[in-house]
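In what follows, structures are represented as structure tokens.
Two complexes come next, and they have one chain in common, subunit A, joined by subunit B in the first and subunit C in the second.
Right after this comes the complex of A and B.
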């Protein structure tokens, strides 16, 4: 029977779409069957159908879309800030060799400190609310952006720089037409990784910091999930949050990957 | 005298280990305008270092290199360089690569693109203007690199084993292409051509400099004045004799370089 299934999957056109979904479908079916056995419908183990209902309810009430929008604007702002700072700093450090000795120890000291460790300070400085969340996000995004940009600059093929100089390139042309395009794949990779780190950080940050009173229409998805955890035991809503977070992260990552492929067709992207 | 090297020498210092490597010299060399000079020698004899100094990419630790009597202090478009691996900008199309030097001169887009198209015609890359280097074959990349250098019309061409990465058949064709491009115009360019291949040197050059093993010194300066065009010389006995003559000069050094 397995062989028959396999041949169906390969031969039929819709088999192509079904193949990657096969295991998730089986797992979902198992989950649906298991949940009612363990506990009540919306108790300890929410069922897939319960989660789907949760999606519907939260979307209709507007809570999911507005929270998602809030989180996205925060991560967007944080990303823009951190990306600009990160890339500029990396270019400076690369250009001024001495700066590397001065800046590197600082960077390497702070990089391992998890973004959420900054939450208490962030609240002290920015209050609970949007700006604290943006600070945490910026912190998280900065390091991958900086490290990757610097690595990209340092791994530029020296031959290309030599060739540009022998062709009479001005300093301005060197930066604009040789250095930046050459380092661009690494910069985009840094952005992609930074975005991933930022998205993870925002959820954690919003769970503690995001607040309706701190500005912004709502407290973001992290806040939404936290409220559901502490004030009602609607676990299915939390799972809705988790799935939303995962899907959005995947979509953002896909966008970056697409950008990576488009700007550097001569490089194989993972 | 177009190019002069006076007592030129280069010692590399390894900052970490403190080792000093006497890569080149001292070397005295004089090249006239329009001469095609090939430089051959065993591996590690400093040929590329010599080229790097002439290109202005390396500062010699001793002596000086002069172009038209003026000291060479840095790279410039008066000395075009063809690198061994072509060093084409991967993010630029063929047209943009070739137009790069013209852009550096401040030429407008229309003008430099039409200039570049003329060169594309000259090197035989018509139809590939919008392709990217990674889409080209080795021979095409070589031609693109050559066109890029010729675009800025340098008086001197410094070529570091430009055909080394090509297969034997393409290499033969490209050698003829190079000679055709070089021979065009009232004023032939001065060429310094580094190669490992002795038969390539004999086929292309007016003059062959033979270098010894490290530290590279000029072992012999041989006149190679076969008549041009040279399409038929490969069948001439004098061709093989010249190759053997040069090989016998290099052979012992080459064996030493291999076993060291």
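Right after this comes the complex of A and C.
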């Protein structure tokens, strides 16, 4: 039996498919088998098949799509705000000496503060609604975008700038045709890192708001998960939420990786 | 014989210029922060709602009070204890597994899908489920830190192990080194700089994770402190907590950078922005 399994795993034809799937399948089977045993003791152990059913139920009832849409809207608008501010501020700091002296120490002061730490203040300032979440996302996205854009600008080829200047380019033309294309790979990398941080931050923000305000105003997928914990104890719905969070994170990252490959095929993305 | 010694004057000039740079940077820092605090003070007095936006002076006074009563210190201590435990477990699991993962083709084939499936789920998304399974207490932050820090550490260690110079590996093999010896003497040293990159990323994620899990489900710690003071409408104390979180995050990355620089003196790639 063991020998047969081994030979199948090593064989060219089946091994390629079976090897990666072996551990996940075993784990899922163990989970499915363990859940009823645990469930008879505590009464609430989710099974993989229950999770799949839960996925379907939440999609049909519209709860999952609507809260997902809400979270995505928030992260989209927060990203746009932070991206615009971050890129323009980095150009400003790179170009104007005084701006560098004024802004750079502030950036270095605020950058180590985790975005999540601002959640209580964001609730105080903006209430428990969308604006608090957008503030947290913008804060999380801003720093990677700024730092990477600035690094991209500082590593621009000096000769290209001099060449453009020699050819009589105006400041506007320089920024449009030399500076921005040159720094674009770094800017996109910053956006990708920022989006990763922003997605984690928004889930935390929605969960904190959901757990403290007793539900209601905030919405979003993080709060959806917490409501299932505190009101109905439907663990399988929580797992549905976790899987959705993971899938969305993966998709966002893939989109950015695709853009990266398009604009800078020479950089390896992993 | 080596290079001739630098003349004394050049050495002195170097030291002087070093001090001048340091002084200039400090002056800039103080100037910039001073402007910011002035702006903050003006905004605060214009808004005039100390419960929402306290002025910098009030925050300073509260900071002294919180430090004096030992409240801040005890919360910081419990947060740091959690971080150290969770992060240490993540290191002990992540670095060896990552190195093996990078070196062994079959281990990679077996476990890649599992890692790729679990990795995008941020540690923070585990909080509701972990809160149910583990309850409010020490285990929840430990688990969240561990889970968050694990994947950056594994993936960077694996990349690092893959990039080991094949010539070095072959040379060691030719000289009859055992697998364990190759691992210890060839792979680990060459992988160390990139392992530190993974540790730094993991520490950042873990720091987020510990604050988030304390905000939601822990009876003590900095995250708990800021959330508690928020419900008390003591926003000046919330700000003290927020700045402490930033300061500790900064000090930790300085410490990690220091350790990285000391343990990999041959590696020139560390820069200030790498924090």
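By definition in this document, the second predicted complex is superposed on the first by the 212 of 270 C-alpha atoms of A that agree within 3 Å, B and C clash if a C-alpha of one lies under 4 Å from a C-alpha of the other, contacts with A are read in each partner's own complex, and residues count from 1 in each chain.
Methods note: a residue touches a chain if its C-beta (ideal position, glycine included) is under 8 Å from a C-beta of that chain, and two chains touch if they have at least 3 such contacts.
A quick note: this is a predicted structure, and the numbers were derived from the prediction, not measured.
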(Q) Under the superposition described at the top, does placing subunit B and subunit C together on subunit A give a clash or a fit? (A) fit
Q: On the superposed three-chain arrangement, identify whether subunit B or subunit C touches more subunit A residues.
A: C
Q: With the two complexes superposed on chain A, say which partner A:125 touches: subunit B (first), subunit C (second), both, or neither.
A: second
Q: Considering only touches as defined above, state whether A:207 meets subunit B (first), subunit C (second), both or neither.
A: second
Q.
Output check: A:164 vs subunit B and subunit C. Expected answer is one of first, second, both, neither. What do you get?
A. first
Q: Using the touch definition from the top, say if A:92 reaches subunit B (first), subunit C (second), both or neither.
A: neither
Q) Regarding the shared-chain residue A:199, is it in contact with subunit B (first), subunit C (second), both, or neither? A) second
Q. After lining up the shared chain so the two structures overlap, which partner does A:264 touch, if you call subunit B first and subunit C second: first, second, both or neither?
A. first
Q: Check whether A:173 is in contact with subunit B, with subunit C, with both or with neither, and answer first, second, both or neither.
A: first
Q: Once the two complexes are aligned on their shared chain, state how close subunit B comes to subunit C by Cα atoms, in whole Å.
A: 5
Q) Across the two complexes, what residues of subunit A are contacted by subunit B and by subunit C? A) none
Q. Contact residues on subunit B for subunit A in the complex?
A. 55-57, 74-77, 79-81, 83, 85, 87, 89-92, 100-101, 103-105, 132-134, 148-149, 152
**Q.** For the subunit C and subunit A complex, residues of the former touching the latter
**A.** 28-29, 31-33, 35-36, 51-53, 106, 109-114, 117-129, 131-132, 159, 205, 207-208, 211-212, 215-217, 222-223, 226-227, 229-231, 233, 235, 238-239, 241-243, 245-247, 249-250, 253, 273, 275
**Q.** subunit A - residues contacting subunit B, complex
**A.** 157, 159-160, 162-170, 173, 177-178, 181-182, 184, 263-266
Q) Within the complex, which stretch of subunit A touches subunit C? A) 19-24, 27, 101-106, 109-121, 123-125, 147, 151, 199-201, 203-204, 207-208, 211-212, 222, 225-226, 228-229, 233, 235, 238-239, 241-243, 245-247, 249-250, 253, 270
